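Presented below is the structure to which this report refers.
Letters A, B, C, D and E mark the chains in the order given here, with residues in each chain numbered from 1 onward.
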Amino acid sequence: MNATDTAPALLQVRDLKKHYHSPRRWLAPARPAVQAVDGVSFDVARGETLSLVGESGCGKTTTAKSVMRLIEPTSGSVKLDGEELLSLPPEQMRLRRRDVQIIFQDPYASLSPRQLAGEIVAEPLRNFGMNSAAERRERVRWLFEKVGLRPEAVDKYPHEFSGGQRQRLGIARALALNPKLIVCDEPVSALDVSVQAQVVNLLMDLQAEFGIAYLFVAHDLAVVRHISHRVAVMYLGHIVEIADRDTLFASPRHPYTEILLSAAPVPNPRTPAKRMLLQGDPPSPANPPSGCRFHTRCPLAQDICKTQAPALSARPGNTAVEHQVACHFR
Amino acid sequence: MTNPLASQAPATGEPLLEVDDLRTHFDTLSGPARSVDGVSYTVRAGQTLGVVGESGCGKSVTALSILRLLPTPPARISGAVRLRGTDLLRLSEREMRHIRGNRISMIFQEPMTSLNPVLTVGRQIAETVQLHQKLGRAEALQRATDMLRVVQIPEPERRVNEYPHQLSGGMRQRVMIALALACNPEVLIADEPTTALDVTIQAQILELIRRLQKERGMGVVMITHDLGVVAETCDRVVVMYAGRKVEEASVLDLFDRPLHPYTRALMASMPSMNTRSARLTEIPGLVPSPQEPRRGCAFAARCSHAEARCRGEVPQLTAQGQDHVVACFAVEEGRIESAPEGAAAA
Amino acid sequence: QTKTLKVVAHADLKILDPTFTTAYISRNFGYMVYDTLFAQDANSKPQPQMVEKYTTSKDGKEWSFTLRPGLKFSDGTPVTSADAVASLQRWGAKDSLGRAMGAAGAQWKAVDERNFTLTLNEPFGMVLDALAKPSGFPPVILPERLAKLPTTSPMTEVLGSGPYIFKRDEWVPGNKVVFVRNPNYVPRSEAPSGLSGSKKSHVDRVEWLYIPDANSAVAALKRGEVDFVEQLPADYIAPLRTDTSVKIGSGGAYQGFLVFNHMFPPFNNAKARQAVAMATNQEKFTAAMGYPLDMRVTYCATFFICGGPNETAAGAEPFRKPDIAKAKALLAESGYKGEKVVLLVPTDITYLNAEALMAAQTMRSIGINVDMQNSDWASIGARRAKKDAPESGGWNMYVTVAGEFDANSPIANAYLGAACGTSLPGWPCDKPLDELRTAWIKETNPAKRKELLDAFQKRAYEAMPYVNAGQYSAAYAASANLKGLDKLWSGMPVFWALDK
Amino acid sequence: MAALPTTSEAAPATADEAPFVLPRFRWARKHPTLIIGGVLLVAMAALAIFAPWIATHDPQDMDVLSRMQTASADHWFGTDALGRDVFSRAVWGGRVSMIVGLSVGVLATVLGLLLGLMAGFVRWADSFIMRVMDGLMAIPGILLAIALMAVTRASLTTVIIAITIPEIPRVVRLVRSLALTLREQLFVEAAHAVGTRLPVILLRHVVPNMIAPLIVQATFVAAAAVLTEAALSFLGVGVPPQTPSWGNMMAEGRNFVAVAFHIILYPGILLAATVLAINMLGDGLRDALDPRLARQL
Amino acid sequence: MGYVLRRLAATLPVMAVVAVVVFLLIHLSPGDPAALIAGDLATGEDIAKLHAALGLDKPLWQQFMLWLARLASGDLGTSIFTQVPVSQLLAQRLEPTLSIAALTMVLTMLVAVPLGTLAAYRAGTWIDRLVMIFAVLAFSLPVFLVGYLLVYVFAVQLPWFPVQGYSRFADGAGAWLRGLVLPCVNLALVYIALVTRMTRATVLEVLHEDYIRTARAKGLGVLPVLGHALRNAAIPIATTIGVGIALLIGGVVVTETVFAIPGVGRLVIDSVQRHDYPVIQSVLLISAGVYVLINLLIDLSYKLFDPRIQY
């Protein structure tokens, strides 16, 4: 299911930036903007899963939400099916939402506690002109079935569901409008392993059935490895490496990727992990290091890294998919 | 750094902490919640005992019961918790205070919220030292600085006067560890010490705990839901399900030969244990709530091996090979053989 | 050790000018800080006070007065006849008796520092009574400078030759008025009697406290925090009688007045006024004000104080028994058609409030459409002076009470002054009544006077300038160890006679 | 580690196996304050609503010859200083309190909701509205009410308005803070993501989630309003003095505390009971609807 | 320091709103302000003159500016009724009111914080229930009823305290204090109820925080743990105390009436009945100013309690 070279990608993100300016207070000294996302570019092909991984606070959620304009990005371009989203007027954007949907990390907070499950799933239908109640009911029933919920559950309130079931509700809602792309912001990290497996399977089944593309944000590398076609690694608002899943896990190029992969504990007491410890803590995105943002913690850092930011550029690889890395040395 | 191959460490230390048939029930308005319902384990000096299980299975409540940090009521604790033979559950609150932070310490899951935001980290460490070791204020603060150095916080002299919000998550968790170890406890209980942290930070913290344990010869209870963490840090493992211990074995034994269907399912459902891109193994159904009335094996409803007996009778822990106990009728009756489907590929 | 007499005053002192308002609290204030030329003794006889001696001509048209030597205002400046003349001129323009004297052509003239004269065009039977007038506007002697100030607004400066000095710096409006003994006061040698005689204070300080809450006032008295409660709320009389630490005495006779505005319908019609009188049950009014049986007069058939020197029942007979049917008939005759009648209801003075509510109930009982407008008494005091139509800020009726000195004769009773527009609020207008009074003032023959008096009251019951709502006796309460209580006289604030 | 004896199957969960406790009753047992407060309030409201039938006398009728009597068969609570029946006046007086409490509670809540939503969702309106509210908050409520009464003629309507105005800022603040929290809630973002328009989001997702705290707040506003009305009347700047209201009765009775405490006592008790009932209802509702509100309200 | 200035500046809009409200109160009220100010006795001519003298013929905003300018120069106007400058009237009445307010405040903090903490610590027990019953009762009882009950019991039946009135501090601290006991207790009840409830709720919430569990896991005893909790609860409690100032000022009006204390509260009531607007306006302005100022101080003190507050 790899993206072919000829067809234009479903989603094209170019040089996306989001800087959070803390509200200027009267007479107060200005505070530096948080450069949460600072120029990321990537494509997602139809039916493909692109994962975004990286440490907490590196800008994954900001990227994901910016793509949907749930957050207004500072600059950049987001094209869906070749159409620029960022310049759409609000009503136009609202109409485009049927093509991009989102699933949130927290299945508890993302469902309105005072709506019935059926209403929650029917809401997007109502928004997009499915006015007949019977039609909606039929569609909701079908969606419930698709995500593995019992049809009777339409009359329950969200708190009557378990975490996994709630996440299914969220998926049903996202699915309702037949989107081409679903942005998944850590959809399984709040779930227990056993439930996580159910949701991961569901997501993969739906992709197989409807050809939906996923922009999959996660920090659990095992899940990412399981579900993705391609993986993008973020560090402090930048993408430092994009490659197809196997390449990335087998031969990571960027030192950060390498360390990240080695840090994950391996559930096998007999394989001694070849652990590379990353020293120190991530710098603040409000005051990012000059040059390569990773240079303060990078084992390979040289003088050039302090001054010049390496561009994300293709490396020769053994697969059809480009392997892009942002490092002066790798 | 290399894996110290924890499983090779001899489990010969003297029994430090013995939890014996611990039951913690909560009186709630919708009936009693049997959060911990008969759990026993032993921690030996220099040994790390892992406790794994899904959310809500009673891992934290067990730990809090040991230190008697649960409010009673609503909690009702019975059984015994022996620290070098002394039953902590029979001590007075005063005597108990002398145990906490001094002989048994605890690290909590949330480094963000487990430190008092309005006191400097130095004071928070010094407070324990002053209390238990009867040190003066200045000496205690000095000790705090030393402890920060021990946990590898850069510039401890400066950090000691900083407030928690000035530290990153990883540093806060180090402070928690410093706090826990300040009085050289015999037992350290770490309740999911790394779940809130990034993998890179998690690796640092686990490494730190492992090192300090080696140096100090403590007994450690490592509570986690991550089998990866267990595999890397523990000597023995207790698997809990719905308030009960369903299996206990040495870490190698458990990963080689998981017996309880729940343990097996847990392992199978982890993505990295599966063949890539194949469907993950699901465990159908849900973890039962501790309020639900129970009859028989709590896992029976989700278990592919369950039979009538499982639904009517509670399986007892039985020894299955050396140092390996499991509570399952299917195992007892030999319906499950020792080579499970999805075991880790060595 | 300074001796302080602490008095719970009956009201809050707001206006420091006894020549501006007839409010009793301002009058009492006047007696504290000012002196008068003459004063009534305990037998209601005028006696010289600031005056040393006086002479009168045979025909009663020429009077001369000599001030006592050495009189000084509290700032030390001497009191001269110029001060007296100016003060009397100010008074003459305002007071009913003063105006009556003016009508008789009274001319005041200073002769020298201590001597001054009065000349009249015709004889006037009540010159000394006027100069000793104890209430209403008592003719207090001010410095000439103050006396010459316009009378349209109250004086704010206080400078008198009376027994006390007003301590302005300790004055807390709404709470406390402080007086200290006036070192420049020159007392008479006679013992105090009524308002006459020596007014030399026995105490160094007198404090008037305003405690609107009756319970607090009584409790404070019982606990010795205060020495004297000027007007004991009626409901506390009976309970306190059993208390030996407290003495209760009569604070003078009072009558309730229901005052009509004669300028606007319906009460510009005598029939309507009579209708109200016909419906009025005096017993209920005095009962509502809370006085115990022995302190109220069941039915008082005179405008001039039952038990007073001028008591007469002339003309009262038709009103003796309240008769609702008759009252309604009278009202109908007056042409009343259900217009709103604005009744000013004081909310801060309990007994006046009771009186007003009783008035409302009385009027409603004969079908008058009463519009009660509530405010504090001070505001009513101001509002009653407005001649605007009731619907634009004026009024139709208010209620009040008057002490004996302000009711006991055709001249003292200002509300019977029917001088059309120049008299007190209500502005009754009845020529015959006015003429009868003038005749009575001038008349010197006692028998004729009595006849004229009866005729006057008969006319008054016909014209009905106001309704007598019943008579009662007020009460003071004092701590039992207060000396000189026997000197208290008809509710007058003779605090100089008291000693601790 | 040997098998451990277990007794869990021998101890059936009794509470769980007795499902015949109606959920309603269990709920009632869980929130006794709510029940006590509610019942008390209903009783007080009934007293006020049925005043014409419950009152034994005309509340305005002065029978001055039998004034200040203590309780008797004819006058259950005795008579006041003008011989009016205290019981009847107290019963009628409840109406004023009830009307004030209800009107102010509803008015302040509705106005506060509108303003608060505007502040929370309309960026430019926020700071303007909030500065005005801060200013209003700075003036102590009862003083503002007193001042408002000073410039108007005393009537029930003006009293209601005068009490409502100082109460509005409290509601606005609550609504705004709720709005700011809700605005950031994932489910609101989710609604946005599925293409729901803002007015619909407000109506369907935001307001319903404010209802619980608003109702609770409304009860507290109502309780405060009842007290404030009584205080205003007591100070002589409330409803017209002749209107039987608890505050007025107490204002009239205060002069006779030592000789006739009953005049002040009965309306005082009824007033306290009513406010207590509303407060308990509010506390109960808060605990029942959302215990986390305890901090905010 | 910059922060203090900034906060000080931030109170300006609030005070501006207060000023506008106070100004409009009279100018938007039905009827001619000149007629209101001139009083009932005035003639049409008087009113017309006053109209011009007060600048009422000018546009509203100009009048407002003029009024502000006079305020800025410290001129609060002259009382219509007593013809005394308002500032002087206020000065006479300030001592009793300040005494009551300050003492009540001290009393409240001494009682409410420990009480609320105790209730939170013993949450769910009868002590807690008792405290909460007290709090809800104190919240529900009309101040004046309690006042009269206090007088009846502790001044009339048991002659421990004076029934009414105010004794100046200059006349002896003993008498001053004795006279203030009942009014302060009366006034403090509501305030104590408020602060107790808030303290309980906050401390209870804090006691559930993870760091309290940490503190207990360190082996700390009850008091040190409560100390940890209180420090964290301090800000909401301080905020409540600040917001409660409004309650306090409002309550003073009633309490002063009950105890016949010649303070600012009584002045307001008297002024309302006399339509003495300059006095009412000034009292509103000043009490709002006091409220804002105290809350500003409390705001600034937050840093003492919580190092996370950044200025």
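As a working rule, contacts are C-beta pairs under 8 Å (C-beta built on N, C-alpha and C of every residue); 3 or more make two chains touch, one makes a residue touch a chain.
Since we're looking at a predicted model, the values are computed, not measured.
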(message) Starting from the defined contact criterion, work out which chains touch subunit C and subunit E both, please.
(response) D
(message) Contact counts by the stated rule: is the higher one at D-E or C-D?
(response) D-E
(message) Taking the mean of the CA coordinates per chain, how far is subunit C from subunit D in Å?
(response) 50
(request) Could you give the separation in Å between the centres of subunit A and subunit C, each centre being the mean of its C-alpha atoms? (result) 93
(request) Starting from the mean Cα coordinates of subunit A and subunit B, work out the distance between those two points in Å. (result) 32
(request) Calculate how many whole Å lie between the centre of subunit A and the centre of subunit E, each centre taken as the average of the chain's C-alpha atoms. (result) 53
(request) Pull out every residue in subunit D that's touching 2 or more other chains. (result) 236, 254, 257-258
(request) Check each residue of subunit B and list the ones that touch at least two other chains. (result) none
(message) So in the complex, the part of subunit D that touches subunit C is made up of which residues?
(response) 62, 64-65, 67-68, 81-83, 154, 236, 240-242, 254-260
(request) Would you mind writing out the residues of subunit E in touch with subunit B in their complex? (result) 209-211, 213-221, 224, 228, 231-232, 305-308
(request) State the interface residues of subunit C toward subunit E in the complex, per the touch definition above. (result) 14, 156, 172-176, 209, 211-213, 215-217, 219-220, 223, 225, 347-348, 375-376, 378-379, 382-383, 385-386, 393
(message) Taking the touch rule as given, give the residues of subunit D at its contact with subunit E in the complex, in rising order.
(response) 131-132, 134-144, 146-152, 223, 227, 230-231, 234-237, 250, 254, 257-258, 261, 264, 268, 271-272, 275-276, 279-280, 283, 294-295
(request) Using the touch definition up top, name the residues of subunit E that touch subunit D in the complex. (result) 13-18, 20-22, 25-26, 29-30, 36, 136-137, 139-145, 148, 151-152, 156, 198, 201-202, 204-205, 236, 243, 245-251, 253-254, 257-258, 268-269, 271-273, 275, 277, 280-281, 283-284, 287-288, 291-292
